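Shared between the two complexes below is chain A, which has chain B as its partner in the first and chain C in the second.
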Partner chain A sequence: MPGTAPRPGGRSGAPWLYLAPALVVLGGLLVYPIYQLGLISFLEYTQAQVSGGEPTTFQGFGNYAELFGDGEFWRVLLATVVFAAACVVSTLAVGCALAVLLTRVRAVPRLALMLAALGAWATPAVTGSTVWLLLFDPDFGPVNRMLGLGDHSWTYGRYSAFLLVLLEVVWCSFPFVMVTVYAGIRAVPAEVLEAAALDGASQWRIWRSVLAPMLRPILVVVTIQSVIWDFKVFTQIYVMTNGGGIAGQNLVLNVYAYQKAFASSQYSLGSAIGVVMLLILLAVTLVYLRLLRRQGEEL
Partner chain B sequence: MNLPRARVRRPWRSAAEISALLIAVVVAFPLYWMVLSAFRPAGEIESSEPRPWTLSPSLDSFRRVFEQQEFGRYFLNSLLVASAVVVASALIAFLAATAVTRFRFRFRTTLLIMFLVAQMVPVEALTIPLFFLMRDFGQLNTLGSLILPHIAFSLPFAIWMLRGFVKAVPEALEEAAYIDGASRARFLWRILFPLVFPGLVATSVFSFISAWNDFLFAKSFIISDTSQSTLPMALLVFYKPDDPDWGGVMAASTVMTIPVLIFFVLVQRRLVSGLGGAVKD
Partner chain C sequence: MKLPVRLAVLFTAMAAATACAPQTSGNSSSGKDEKTGTLRVWLFQEVNNKPKEQVVDAVLADFRKAHADTRVTVEYIPVETRAQRIKAAFNDPASAPDVIEYGNTDTAGYVKDGGLEDVTEEFGAWDEAKDADPTARQSVTVDGKVYGAPYFVGVRALYYRTDVFEELDLEVPRSMDELASTAKKVRAARPDLYGIAVGGAYTYGAMPFIWANGGALATGKSGSYASAIDSAAAQKGIKAYTSLFGDDNCPAAKCAGMGGNDTVTAFASGKAAMAIGGDFSHQAVEAGKAKGKYAVVPLPGVKPGSIAPAFAGGNNIGVLKSTSHRTLAVDLMKRLASKETQGELFDAMGFLPTFTDVRRQAAAKEPFVKPFVDTLAAGTEFVPASPAWAQIDSSLVLPTMFQEVVSGKKDVGAAAGDAARKMNEAFGSAG
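Up next is the complex of A and B:
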């Protein structure tokens, strides 16, 4: 429970004093940029305005109309949603399965798996991307040799390129799920599980009826975090498919916005894409908050 | 989960342990291959029959990396950015987490929800307005343009996570300190801070990684002054999609990964308990 006891000199200003640095930083570098993002998305804002000194003109929903009228945008949006969903499902499945596995083994295998996972987790996205590219390189990579695929190029086809990125994303993001779920399972009192086992419940039954409900808050947290991370994958796509793949076949919203803004100087279109992403993630957040509320969590 | 030992039958446990070890090997393989490729002598990487070992390890790739680029400088830049972000966000988050757990005040719940929502903001989407903000403040091409946004973006999660740790410190301790005549500042820094420190370490993993790994901001804000580049940018100099210098890329990748690995191994234990604590409450 948060403190309710009176503080010496407990004027109501004290908490705000503590909060001041955080609020200043967040206000200046998070809230204000969000406002700016929205603003730019309603303006005509290209190279002419940025460095040519031309006046900015208000476009209303013009940029959005242009965006929504572009078939490419819908293709990228669909690809982003499907790709993110695939990443989230695979990450959660691998992470949870390995967390359960960790609870079944003795210290040495557990430590080995834990260290390997921490290594994958610690690997920066850029290096992870280049390493996976080398592993799957058509000429020099060990994977094609092992699978006998000859010089099959993984980044050439749209789906195989997405698959390659997915593998890398799962590799570097399952450890968070595994460690968190494992920590959660460990926090379940042993007596509860023993009681279930004594009552003759099967392993699957124990997982479904005892562990899963107790782990629900944790599962919600890791799911939401994964959705957020995977929905805005940038580095992996950018590096592994060289900026969005052949003819933009592997673009996701984040990379698309970047390309629009910084490669073709259409800052307002890029911002409009950013606003779309923001709104989608905001919707996810609201779902999350409702779930928390329903669990009766006290903030 | 400590299932009653007798119920986990022996063959099952052996199977589980063997698969755990096998999976550990698979998961570690990319890192092994990275280090291996970095130590391979010139020409061996570009072989169509890659062997999972090397008979004559060489430092050529590392030498090339450090000579061709001002790699040491980029390394220091990255280190500077990451440390500044870790220290600043830890201190600011500590104060904020104390405020929201140790005091009751108006808008407290609203503020907490705001912090939660702020975590979800796709910071990448803010690259464009931040670019103009940095330009207006003359921060483009400086390390400040990387440090400041990362402090802001790691704060909400850090505050959210530290909350649990601050909460865990008993109220009685605080009252005892005041009765003993400690000032609020003294309690904050001499008593609360050391007690919450493990939590700060767990939290700092996330801010360290986000700052150390940052690629998008570095790519967008450090546009002309390469002396302010960070490692992710430098690494890509060796990676030309048509003709990558794999030895150089892997050596640079190794150099870039090692500090994070060390950091992780150091905080490993606290990370696991920290995550457990953060999600439990």
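Up next is the complex of A and C:
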């Protein structure tokens, strides 16, 4: 309207107005499914309820009580946390090491490494898992033949099966870390690195005292991403251990939720596991962000 | 209105419009019983489906002659995704078929889901039904009510390699102990072969060991089942089956994860001297390296010369509750599962008829099925007619138990105790 000055102080609703379209989309795509997930987790909701054979009943925290009272849930939770932690640490270590390597090699090897990493990144998880399984196949796999292991089965033992899956997870998720950190290192002013080198700092020292602090915001992002990805790992476990391994020894939370929700049609129990996972991931992320704030870093 | 307020209103409106309970379909009988129109049928897509289609087409031609102004469309659905398809049909009656083929272990679960129509009256009045064998009848019955007609029965027996047995001068095992010792002799002489291919996830191959030793899956009747998998007799059976895993027969590292198909594949590809396979495994074995070098006998029981009780698998034909053509659908069900059709289906596909008299004729025609018919005649067992069974089966309670024992994670008593607890939980929540 002509003659109307914008209201001072930004206390108006204008920002909200601009945000509204995005908020509506986010609300529809994020809040509503989470709301449904939460709702179902408080109900008795199995196939019989979905197809109308029995009425849906409100259970309060019944599903959660059942879940927390089940020893298997705690075992799976522990396995998930340890497995995800191992995956995150390995992924970051490999990704960062290769990112540093990328800055030190010449154009041709750099291109080759980049292409190889992008290839791994672009491979669908199901394909990657199947190929890894084939590589480590007890009867036909080239790995056993090369290492002279005979017909050793990698998926039989609990830890060797987890190790195999870990290798695959690292293989398909390190490229993201590598590319992101590589971009970060490129953005670090050359003078800083030169100064450090002139001061006689070793490679490790430069990484620890110069690069890592300057890359902290990037490292935070890739760490949180990795935590979320690896905590939610599904395809690799499902494909490589045939749905959770011998006697369920390789179950992680996401596969466990799938088995409950879809294999045995206990949708409400599966939802409860989903809610627990959501809360854990939210907590991890919030705690991590808080720690950073306290150290005076802004994301 | 201020914007935040407006937004709040917007969200509240959204929530109100979409909130409330998650989706539930009002799946009750449609109440209609139209005598004309289109009937939809879902049957399973078999590996070699053409002969089955011809049998079904002949039935449909007769059906259309008997009922003017009706049309029938048949869809052959893949076996692997049948669970999702049938669940979806229950969820959305509008797109559901009128008549379906379904696995007989799913009966109680589907009834609880409210998907299958009660056809007790029609089944009772059907003159052919009196010849249906008792286990087949049990497989369509829940709480005394009948929910379909048995379509064919599948049963497992012992496949063995005649050439290997001859080469090693071995006798066909006549008892379970002999079975184990024969398997170990084969493995000792021929380390490239499994004596008998067994699988930690092969529930229906393992159950005969439990039944033969006098054990049971569960005791009681519908509504009040209690697991019996940890009884002394059942534990003896579990011990007998799991003792077959090991470097002296079927190495645990490879065999613990195998299911029924894997063991049959191992046998068909010439990697095993024996395997427990079904009459329906015949084609797979014929297509493999073992062709022409094998024979089949009933799986021996504990006493020499006896037959271990087998699991009577198979499929049924049922009518969906949501059908709007009840009378027509029931008639079609009876025609699809009639003696005549089952006889033709046996000729076309080798599926064993569920009527004892038709089955006898089939065995006379085709000597291959004799051991399977003998197995059926010796008495079979079935899974508890409880909706909990579907849950027990899909949450892998029994494979987990066998695998725990095989991999040495738990002893038989502890693994069976845990399995019994999980089964009782399922019985408790699902009845």
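For the reader, a short list of remarks on this structure follows.
We adopt the following convention: the second predicted complex is superposed on the first by the 261 of 299 C-alpha atoms of A that agree within 3 Å, B and C clash if a C-alpha of one lies under 4 Å from a C-alpha of the other, contacts with A are read in each partner's own complex, and residues count from 1 in each chain.
Please note the rule applied: a residue touches a chain if its C-beta (ideal position, glycine included) is under 8 Å from a C-beta of that chain, and two chains touch if they have at least 3 such contacts.
What you are looking at is a predicted structure, and each value in this text was computed from that prediction instead of being measured.
Of the two partner chains placed by superposition, only chain B is touched by A:R106; chain C is not.
Once the two complexes are overlaid on the shared chain, A:L269 sits clear of chain B and of chain C alike. Contacts of A:W16 after superposition: both chain B and chain C are touched. Once the two complexes are laid over each other on the shared chain, residue contacts for A:E194 go to chain B alone; chain C is not touched. By the document's definition of touching, neither partner reaches A:V252: not chain B, not chain C. Residue contacts after overlaying the shared chain place A:Y32 against chain B and chain C alike. In the superposed model, A:V169 lies in contact with neither chain B nor chain C.
Touch criterion met: A:N242 reaches chain B and chain C at once.
Counted by residues of chain A touched, the larger count belongs to B, out of chain B and chain C. Contacts of A:L67 after superposition: neither chain B nor chain C is touched. In the superposition on chain A, the residues of chain A touched by chain B in one structure and by chain C in the other are 12, 14, 16, 28, 32, 35-36, 40, 242.
By the touch rule above, chain A contacts chain C in their complex via residues 12-14, 16-17, 20, 23-24, 27-28, 32, 35-36, 39-40, 43, 45, 47-54, 56, 138, 151-153, 155-156, 242, 246-249, 259-260, 263-266. By the touch criterion given at the top, residues 2-4, 6-7, 10-11, 14-15, 18-19, 21-28, 87, 90-91, 109, 111-115, 200, 252-254, 256-257, 387, 390-391, 394-396, 399-401, 403-404, 406-407, 409 of chain C touch chain A in their complex.
Residues 1-4, 7-8, 12-13, 16-17, 19-21, 23-25, 27-31, 33-34, 37, 45-50, 52, 91-93, 95-96, 98-106, 108-109, 111-113, 116-122, 124-130, 132-133, 148-149, 151-153, 155-156, 159, 167, 171, 174-175, 178, 184, 209, 212-213, 215-216, 220, 231-232, 235-236, 239, 241, 244, 246, 249-250, 252-254, 256-257, 260-261, 263-265, 268, 271-273, 275-276, 279-280 of chain B are the ones that touch chain A when the two sit in their complex.
Per the touch definition, chain A reaches chain B in the complex via residues 1-5, 7-10, 12, 14-16, 18-19, 21-22, 25-26, 28-30, 32-37, 40, 98, 100-106, 109-110, 112-128, 130-135, 137, 139-142, 145, 171, 179-180, 182-188, 190, 193-194, 197, 211, 217-218, 221, 224, 228, 231-232, 234-235, 238-239, 242, 254, 257-258, 261-262, 267, 270-271, 273-275, 277-278, 281-282, 284-285, 288-289, 299.
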